[in-house]
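Shared between the two complexes below is chain A, which has chain B as its partner in the first and chain C in the second.
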Partner chain A sequence: MLIINTINNKINIKNNRKRNDMIFYICLVAIPLAQFILFYIFVNFNSILLSIKSYDAVTGEYSWVGIKNFERFFIEFKTTTIFKTALKNSLVAYFAKLLLGVSLGLIFSYYIFKKMKGHNLFKIVLFMPSIVSSIVMVAVYKQFLERGIPGIVQVIFNVKIQGFLANPDTLFGTIIFYNLWVGFGTPILLYLGAMNGISDSVLEAAKIDGASDVREFVSIVFPCIYSTFTVFITVGLVLIFTDQLQLYSFYGADTDLVYYTFGYYLYRGVQVGSVIDYPYLATMGVIFTLIITPITFFVRYLLKRFGPSVE
Partner chain B sequence: MKLTKKIMASIISVVLITTTLTACGSVETVDRTKTQLYIGMVPTGFGTDWLYAAKDRFEALNAETVFESGKKGVQIFIEDVPAGSSIGSVMSGLRQEVIFTEDCDYYQLANSNLLYDITSIVDETIPFNNETESIADKMYSTQKEFYDIDGKYYAVPFNDVTTGIIYNIDIFERENLYFLADDTSSKAAKFTELPTGKKSFKFITSSTDTKSAGPDGLIGTNDDGLPATYEQFFALFDKLVTKDIIPITWAGQYQFYFYRFLYTLWANNEGFDQMSLNYTFDGTAYDLINSIDLVNGDVTFLGGEDGIEITDENGYLLNKQAGKYYALSFAEQLIQNTNYYDEQLCFSPAQQHLDAQNLFLMGTFSDSVDETAMLIDGSWWENEATFTFNNMENRYGAVASKNNRKFGMLPLPYPTDDYIGEHQKMTFDSNYSLSFINGNIESNKVAVAKAFFQFMHTRESFIEFTTITSMTKPFTYEATESEKDAMSSYGLSMMENREDALSLCAYSNNNTFLNNRSTFNALHTSIWQTSDYNVPSTAFRDNKITAYIYFNGLSEHYNESFWNNSILSNLN
Partner chain C sequence: MNSANKKINFNKIKIKISIFEIVCLIILLFYMFTLVISFGWGILNSFKGSFDYIENSLGIPKPFILNNYFDACEYFGVRVKAGAGIRYVQIPEQFLNTILYAVGGSLIQTLTCCIMAYATSKFNYKLSKIIYTIVIFTMILPIVGALPSEVQMLKNLGMYDTIIGTWVLKTNFLGIHYLVFYAAFKEIPKEFNEAAMIDGASNLDVMLYIMFPLVKFVFLTIIILKFIVDWNEFQIPLIYIPNHPTLSYGEYKFTISPNNAVSDTPHKLAGCMLIFVPIFILFICLHKRLIGNVSMGGVKG
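Up next is the complex of A and B:
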């Protein structure tokens, strides 16, 4: 009897522990789950619904309009230049970030990982934009380019030059450069994390074999962090249609048409528009999703298929 | 090292505690024996001093009034609220009961039941200061049509906003920059014709000389001697350049100051009725350009003298309005002559609006700052520049104070002599400003909120608003001579422009307008959008295009196909 009671008690204790674990687990995931449902599933589902609706400002009611918003987008894409300009700028910005941002991100990460000369300075310069508010960074950047550099040039060379943002010839490049700079923080942090996970013995073996830093990076480090790299490449694709290049921080709603990106168009539309404009903006979001989703899967397939092997 | 860290940590702690306590000290504590009323005001250039002045008067007036049982008197708290579309998403959670904000979609807020029905207090005679009018009586007919939704009012506008040219009257008087009257014509300024065919205008040489009639075409008014036409305006600029005075400046960071000024110029050219067509899409347009002879400037109009009937279906034709073309030609002439402004500053994102105001104000007193005669800015600029005025007063004495310096809003010139004196003065209700009672107000606060709302619409409150901010309200009211004496020189120019003026409302209850509000919004670039450009100032500078190209681009973008596909398709 005593044994049975002891067994029952043990089972009860085990059950209680399981129940408590379950309560703990539910408490732990409830908030993120609710957030995911509310701010991801609901928002995106609502976006899809909005894309087939129209808002009447007079009555304040929505009505179903079928594919009218989609038709409007494709006609505007065909007949106006704004979307063509936005597409061009979005692609230029994306490929600039892809080619320069990704490669420099890897190089800087490796430089810091190897603790080469001045690596602490690199850390500060590259991480600072991720810590400081973007509005403050933009303000500092603007002052430096528009007052600082022209002032220095005038003092040293007695030549008056235009600020890089005031000069239309250098403006877009300057914006891209800013985005590259402020975009290094997160990738470097993750690349460094992945690099630090590489076994010391592997690196030491390479060193004993006489591998140069370049060889070490190409043959050991890059294959080891390749999974992190593929995440950035795959996730980064969505930036083609969402990256506003911080143009709103630089110019508010008054950016020149020639510098528009799709991301800026959407961001600005939400900022200066009202409920009336949301269905059309939602339609654009849906269209962009339909375009980018297969591309993302295809790129992920290519990266998996042709990427370096850790073996 | 440890000691240094300790010292640093101590200093930072002291600074943080001091600033926190300082902030706490400025907060008024809630007095439970009184009724609390929370006022929301959007942070703007014209500040909140006017609201605090009204708060003091209202609290004193109602010191013995019982608005809630068990409480006597009122305690008002003034807090920030957002502007623009964002207010709609947070309104129901705001505790502010009476709200003043800008750039709002009135119909959206009303349709979402976010606004309290204020019909009764808009329609009844205001029960303060022996007022004989209701708020509705003080509103313009266009406003009443717009704000009346199915017989009910949910909000009224609360400020006039103009973006124009502010000129330094002290410089004008010192340098005799006023045009000399022509003996042979009541409207014209005196000039001699140069062999090149260009006019050489004559300026007064002493304050006793008779000034030309100015843009209103009337001698003896406050615009006498000021440029009446674009030709005179740029002759004045040339004169300023010869005197080593920079003619004009504006905020390089925000090109919207420039294109909103162009909007004012466009409206000034069109006059009230023609400009209103851009919002009502109902009426006859008489100045839609059919063709322009670029050699001699001759213009032919669509529909000839009979004009063209504008409806919802052909509203895109309004992009051919001559006033818009002339405003663009003015911009082209200004931008493409870099002697008229400092290109380094006026197109640099590093020159913000406050920097431009500093330059404008400091030039007359500081040796290190070039003197600038005019500033493109919003009508709220003077209050916004209070900090600079105060600093200058401390540095240069009373002579540099706000009250001792003379500025005015420049009455805008016209494209040609033919326009002089033809249009009635206008003020601009183009900021989509609203004052209203929050729809979530608790029932025990309704009485005090309604009383305060009406109190803010008394003539006394309007005059106080204008005296403090130098801005005007979008209602009919006038100031007495003694009240005008209390205004700054700039405020007086604003008040005198308000009197007898028509209020141009950049809105209407037209279905096409309401369903495409962001396209027709007077504050946005969309009204200047062509296929290739949307910001006139940078388009003229960066691409060296002509006003003619820009103007044609407007019609190419807003063509019939675009109108049908993107504007009319929004109508349900």
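Up next is the complex of A and C:
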């Protein structure tokens, strides 16, 4: 009898603990999950609904319009230059960042990882633009390019040059350069984190075999951090449609149309536009998502299929 | 004899430096030079008068003018709607809004990621696996242009243009920091939990007094990184709290201000330095923690 009671007690304690665990777990995840349902699932679902609606400013009500907003976008894309320009600018910026930003980021990370000359100082220097407000960075950069550099050139070479942002031919390139210039911080932190996970014995073996820095980077380090690199590339693809190139910090809502990107267009539309514009902006968001999603998964597949092997 | 040996040893020293290192060093030195010279130029010119700036944009200020900073403080106010009229939000109120937005927001978001990561890494329910998959999936799935819908949602909930609304938006566990906490909690052995439970500790005790202290460095790093981002952010406040300007929002308005009293470059630069200095001091004090080893797997504390 005593044994049965003891067993029953143990089962009760176990059941109570399971119930308490479940209650505690629900308390922990309930609020964040509710936020996720409301501000991710419902917000994105509402975006789709908004894309097939239009807002009547007189009655203050939404009405269903089917695919009219989608038709409007494709007609405007064909007949106006703004979207073609935005597409061109967005692609140029994306590929510039991909080719120069990513490769330099990897090389700088390797430099710091190998503890080459001044690595600690450069780590701080490369991360610093990430902690400074973009408004401050842009203001200093803008004024320095417009007054500082022409002044220096005049003193040294006695030649008068136009400011890079004042010259329409160099303006867009200057903005892309700025975005590269300030964009090394976070990638370097993540690449370094991945590099620090590489086994010392592998690096030692390469050293004994007399591998040069470049050889070690190409044959050992890059394959070992390839998964981090893949995440960076695939997650970064969406920037084609969301990157604003910090144009808001440069020119606020008054950027010249020829320098627009899609990201800037969408943000500006919400910031200076009104409720009337929301359905059309949501339509653009839905179209861009439909375009970029398969591209992202395809690129991810290619990177995994044809990437270097750690073996 | 000793000095002779030293000489011999000195002669034997070979500087081992590869071409790769030399090229990188030159690029990095150039990068540092551009950063230092542009900021140094900016700081110097923030102390110049308008005329001095035009005549002498490369030299030392003649004389140093502190008034640019006082003027910047005076004209930093942002015009906002107040009922049927308008009012100006000055620096003290902008500072308070920044504290509420940045401190509150970073604390809420870091805590949310930490709690969700703890729950899903330590409790082996199906929902935990679903949540983990959701985080990974949302990181890969690119969604564009949800901003109008999000603004509409906040308006419907009556939280648009309120600091609480921004906090609700920050109660969000999606993203890389969840994964960092998740990895950190996974590394803690189960025995820690079980030993405490046997000693009579509740689930809450285990979480607050055993688990959270073990990830305190990760927590600290993430909250500081988030605080810096929120402190500098002006586009989100511009959209979600247009009538509760933060300091960065104020700085944005200040840099595009057409007001004659502060429309020249030295005044604009002085305004920039006002919000740059506090965050720069914070960075100098905490740079070792901030730029430690962050990885997808975790932060080494």
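To be clear about the criterion, the second predicted complex is superposed on the first by the 275 of 311 C-alpha atoms of A that agree within 3 Å, B and C clash if a C-alpha of one lies under 4 Å from a C-alpha of the other, contacts with A are read in each partner's own complex, and residues count from 1 in each chain.
The working rule: a contact is a pair of C-beta atoms (placed from the backbone, for glycine too) under 8 Å apart; a residue touches a chain by one contact, two chains touch by 3 or more.
Quick caveat: nothing in here was measured; it's all calculated off a predicted structure.
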{"item": "Clash-or-fit label for the pair chain B, chain C on chain A", "value": "clash"}
{"item": "Which of chain B and chain C A:L281 touches, first, second, both or neither", "value": "second"}
{"item": "Touched partner set for A:Q143, first chain B, second chain C, both or neither", "value": "both"}
{"item": "Partner, of chain C and chain B, that touches more residues belonging to chain A", "value": "C"}
{"item": "Touched partner set for A:C224, first chain B, second chain C, both or neither", "value": "neither"}
{"item": "Partner chain in contact with A:M116 - chain B first, chain C second, else both or neither", "value": "second"}
{"item": "Touching partner for A:T59 - first (chain B), second (chain C), both, neither", "value": "first"}
{"item": "Which of chain B and chain C A:L106 touches, first, second, both or neither", "value": "neither"}
{"item": "First, second, both or neither for A:V258, with chain B first and chain C second", "value": "first"}
{"item": "First (chain B), second (chain C), both or neither touched by A:S249", "value": "second"}
{"item": "Which of chain B and chain C A:E76 touches, first, second, both or neither", "value": "first"}
{"item": "75-83, 165-173, 273-281 or 291-299: stretch of chain C that collides with chain B", "value": "75-83"}
{"item": "Shared contact residues on chain A - chain B and chain C", "value": "143, 147, 252, 269-271, 275, 277"}
{"item": "In the complex with chain A, residue positions of chain B that touch it", "value": "84-85, 88, 105, 107-108, 110-112, 252-256, 259, 343-344, 347-351, 509, 511, 514-518, 521, 524-525, 529, 531-535, 538-539, 541-542, 557, 561-562, 565-566, 569-570, 572"}
{"item": "Chain B contact footprint on chain A (complex, rising order)", "value": "54, 56-61, 63, 65, 68, 71-72, 75-76, 79-82, 142-143, 145-147, 150, 160, 162-163, 165-166, 168, 250-254, 256-258, 269-277"}
{"item": "Of chain A, residues touching chain C in the complex", "value": "17, 20-22, 24-25, 28-29, 31-33, 35-36, 38-40, 42-44, 46-47, 50, 104, 107-108, 111, 116-118, 121-136, 139-141, 143-144, 147-148, 151-152, 155, 181, 189-190, 192-194, 196-197, 212-214, 228, 231, 234-235, 237-238, 241-242, 248-249, 252, 262, 266-267, 269-271, 275, 277-279, 281-282, 284-286, 288-289, 292-293, 296-297, 300"}
{"item": "Chain A partner contacts - residues on chain C that touch it in the complex", "value": "17-18, 20-21, 24-25, 27-28, 31-32, 34-35, 37-39, 41-42, 45, 53, 57-58, 112, 115-116, 118-120, 123, 125, 127, 131, 134, 138-153, 168-169, 171-174, 197, 202-204, 228, 231-232, 234-235, 238-239, 248, 251-252, 255-256, 265, 268-269, 272-273, 275-276, 279-280, 283, 287, 290-291, 293-297, 300"}
